[in-house]
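Presented sequentially are two complexes of chain A, the first with chain B as partner and the second with chain C.
Up next is the complex of A and B:
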């Protein structure tokens, strides 16, 4: 890479945002606001460039950096390692690019204490980059907490809004508790192996079958990650946090932070535990939890009228799909999820920003109150395009990720999972499409008032100084950039053979445990690998994308134009749906109970399944 | 004796979690959360503890063969305490704001977000 050596890029990806955050805090005392905006956006852009170059370098083999030069001798080290492969460097690049767009959008964002907002966003970016790039379990915990603490503060940033306080508190308590459980798991692993590095623990656990302690340590260690990833039943915090966080912060949380939870789960399993905890048990357990997460997300999404909560539940449904893609534990499954995450990030980020624009103009994000008020400008068409992309329309990004994951499921002998992917894309895409048609074009029947017993009211103060009368160009530019990114993930990767092969190699490198251990512990050269499955559009992928888009259209049409008689009959389902809504009570104690139940369920599944599973 | 330390760690973590689940006061819930974290301190320190071993300080005159307790877990515990201070301060600040906006700190009375 020009100007910066490859091995310096990973530490700089963490250091640059931290230094810029300090400068923004200090500078805000005397510098005018636009200068701080420029500084923060510029720092995020530089980080995006650094991590982009790191990703390119990582395609030629992992870029391993021992901070402070404490490199290992004979596989032993006291140092801390940053190990970049295409997947985690790509995630860091995604986080930086999303931060750039979020900060661009925020040029008009009001903030009570100047500079604090920018500093928090940049520290959040540093936490995400560090979390993605580190190869050390305790560092993962520390960056997890940095990422967490800044995200809690950003969620509760608007202290004058009661909603935002309750959402921030639930988010903070649940994620902190989960992080402490992770720390307990980490302590148990250290007690067993005397190591903290992912590669070192992996080598120490070796090929011996796992005993109960290792399985319990595994479950505890990943509780933090799956809670961050909002796996049901640890997902409750997500909708509350996303409903109240400022729109640009939602872009970061929904686009990359929760996906980093799935990444960490995959990284820790593949590198540390895959030789000890049986793959069959992990596959069955996480496919089951993935399907549960997708189902809960879908039902909650399609029955929402609060736009930001609707998008949040659609994220939960997609997290279910990402978990299923991970659970296949095959290189092409990892490739599929990586492409899916990239496409989903752009599209979902754009949707949250569009919801933010609606809030700034109309002081509400309630689908019923916004009926027909959105107008037919650029936001309208961007919203509808994003809805179709979310539904899996080829050749856009989420569609390609979905198609690749389905192919991977078929190759792993689980072709029925394709139906789950199609259904989830259709329902979530259909729900977003319905909301868009209703809000911007005024189609369908009008909604009644919000039922305050089971629904969250959508009115809030705007995030800008005064309510907007038209869309500012910087805000629109951020939305367009995000949509373009989401589209490009599908078009460029799926249709350019060199990029398709590169994406395939990313999944392959990620799955290569022996290569990771060899390169990190012994400084070995990157291993030659067989040609990967290219991440390109296939006939079946295009067909399934078209099917899910048509189904999404049907879902939208049904919810907009269902005849009155059929609507009355559909009400019979209401008690069940209301029951599910009541479980999402906004009560922190309930959420803690669900978190513990989920952790216990995961432990039982993993301890009980190996006996039943053939492998 | 070692088993006793692990049992205390597990007890603190579970009692703290139960405390948050059953809490009727957010200040109590925040303190219960730091009780869970105290469980992690006890666990980490007992992982690295050895009977009859000295503190891991090799001043001049201390032979390098002296058995010492594991300094890594102590460093981790210190980091953990810093994390705890940050999170607890943030949560208490949120609690103060909640008291101002809602006029209560009982989680049962916070009914803005649901569904």
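Up next is the complex of A and C:
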């Protein structure tokens, strides 16, 4: 890399946003607002460049740097290591790029709370980058808390609305509780191994079959991560938080923060526990939880009319797919999820910003109240394109990720999982398509007024100073950039052979536990690997993408033009759906109960399964 | 969910976790054992870097990145609290009122204790690498010491000693300084947060390299951060009115 050595890029990815946050905080007292906007966006862009260069370097082998110069002797060190491979450096790059787009969109965002908004967003970025890049379990926890503290405040930022504080509070209580459980897990691991680094703990545990302490420590340690990832039944906070958070904050939370939860689960399992906790048990447990998450997300998504909640539940449904992709525990599974996450981030981020634009123009994000008001400008076509992309249309990003994950599931002997991927893409894409056709083109039947008892009310305030009459160019530019990113993830990776091979190598490097331990603890060179499965479009992938897109169109058409008689008959399903809606009550006590139940279920499943599962 | 259903789910979950935890405790190492891999490494490393307070060595030298993260959490929490407690819409500042009278003994006690407390705080920060204490502990002593003025019944004199803008500036500056020390290590020592200053000799105030520097930086960060944080809550409780503010609405 020109100007900056590779090993400096990882610490700089944390340091640059922190310094920029301090400058924004202090500068906002005297500098004009545009200067602060420029400073914050510029800092995020510089960080994106640094992490992008780090990702490129990591394709040639992990970039390992010990902070404080505490390099290990005989595989032992007291220090903290930053270990960048293509997957986590790519996630840091994704976080930085999304932050850049979110801050660009925010140029017209009115209430920056005297620079506090910019400072919080940049500290949030520092937290995400640190969390992604560190190779130390306790350091992960520290940056997890940094992501949390800043995200809670950003969620509740619109303090003039009581809902906003409620959403932020639910988010804070549930994530903090989960973090405490994680800390207990870390304590158990430290008691057993006396180590804190991922590689060191992994080496200390390796080889021996796991006893109850190791299994319980694994479950507790990851509870924080899967709660951040919104795995059912720990997912309840997500929709409440996304419904009230400012649109650019939703981009960061849905686009990369929750995905970092899945990343951390995968990283911790692969590096620390995979030699001790049997893969068969983990695979079964997380496929089950993934399917549950996908199902809950789908039903809640398609029965939603509050646009931001609709997108939030679609994120939950996709998290279910990412969990399934992880649970395959194969290199091409990891590759598929990585590509899927990149494509999903751009598309979902664009959708949240488009919802923000609607809110700024019409003071509502209710599908019924917006009927036909969106107009046929650029936002309309971007929205519909994003809906098709979410449904898996080839050759766009989410479609490629979906196709690769399906292929990986087939190769792992679980071809039926492809049906789950197709269904989730069809239902979530169909729901978004339906909303877009209704809001922008006024198709289908009109919806009745909002039923107050089921979900939140319609009246909301714009995030800009006054309601917008047209779309400001900076806001539209942010949306276009995000859509382009989501499209490019599929077109570039799927069709350029060199990039397809590189993406395949990313998953392969991620799965290579022995290589990670060797390079981090003993400074060994990157191991030569067999040529990976290239992440390119295949015939079956294109076919499956076309099928899910057509099905999404059918879902949208059914909900727009179902004849009245059939609609009345469909109401018989209402009690079941209403029951599920009532579980998402907004009552934080309910959420705490489900969090504990989910953690207990995971622990008991993993304690019981090894005995039953062969190997 | 109804209260009963919530209780059932909660009890089942908590009981399941408790059972799993008891299983796990069976695998714990025996109490008071002598095997301690991290201690063996950390104590030796602290001595190599001439830092008799091993805890400080772990916090500010061996695992300084954790401490940078923790200081940033504090910074983020303070900024977050300030953003959430900012004045909006219908909230107004209440005009100042003359405070009630306190017994003279309390006022006198507070005034006598104020310089002593501040001195102790500075001492705890400055000797963090030699004796128990350090930036976090000393910073809290400093910040709470200042609030003796509030206990003495003088909110206005507290405000005079506490120009918030400067404290917010100090907060930003100390976080930047921490990163700056890290970058200096990167430039001079080849790795972020490397301890590149001369290590000196045991029992000297100027020893342990960057450890005392980072202690002072964190002391400033914690003191200013805690003052700003307490100020937000005091303002909210004492000076802000506005009936149906989000804090008071149901």
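One rule holds for everything that comes next: the second predicted complex is superposed on the first by the 614 of 615 C-alpha atoms of A that agree within 3 Å, B and C clash if a C-alpha of one lies under 4 Å from a C-alpha of the other, contacts with A are read in each partner's own complex, and residues count from 1 in each chain.
The working rule: a residue touches a chain if its C-beta (ideal position, glycine included) is under 8 Å from a C-beta of that chain, and two chains touch if they have at least 3 such contacts.
This is a predicted model, so every value here is computed, not measured.
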| item | value |
| --- | --- |
| Touched chain A residues, chain B compared with chain C | C |
| Partner chain(s) touched by A:120 [first = chain B, second = chain C, both, neither] | second |
| Partner chain(s) touched by A:79 [first = chain B, second = chain C, both, neither] | second |
| Touching partner for A:309 - first (chain B), second (chain C), both, neither | first |
| Partner chain in contact with A:65 - chain B first, chain C second, else both or neither | second |
| First (chain B), second (chain C), both or neither touched by A:596 | both |
| First (chain B), second (chain C), both or neither touched by A:240 | first |
| Chain B versus chain C as contact partner of A:176, first or second or both or neither | first |
| Which superposed partner A:91 touches (first chain B, second chain C, both, neither) | neither |
| Touched partner set for A:145, first chain B, second chain C, both or neither | both |
| Doubly contacted chain A residues - partners chain C and chain B | 138, 142, 145, 149, 152-153, 156, 159-162, 165, 168, 184, 188, 190-191, 196, 582, 585, 587, 589-590, 592-593, 596 |
| Residue numbers on chain A that touch chain C, as the complex places them | 7-8, 11, 14-15, 18-19, 21-23, 25-26, 29, 65-70, 76-80, 113-114, 116-117, 119-120, 123-124, 126-127, 130, 134, 138-139, 142-143, 145-146, 149-150, 152-154, 156-157, 159-162, 164-165, 168, 184, 188, 190-196, 211-217, 219, 582-583, 585, 587, 589-590, 592-601, 603-604, 607 |
| Sites on chain C touched by chain A in the complex | 1, 6-7, 9-10, 12-17, 19-21, 23-29, 35-39, 41-42, 45, 58, 61-66, 68-70, 72-73, 75-77, 79-86, 88-89, 165, 168-169, 171-173, 175-176, 179, 182-183, 185-186, 189-195, 246, 249 |
| Contacting residues of chain B [partner chain A, same complex] | 9, 13, 17, 20-23, 26, 29-30, 33, 36-37, 39-40, 43-44, 47, 72-73, 76, 79-80, 83, 86-87, 90-91, 94-95, 97-98, 101-102, 107-108, 110-115 |
| Sites on chain A touched by chain B in the complex | 138, 142, 145, 148-149, 152-153, 156, 159-163, 165-170, 172-173, 176-177, 180-181, 183-184, 187-188, 190-191, 196, 239-240, 243-244, 300, 304, 306, 309, 454-457, 581-582, 584-590, 592-593, 596 |
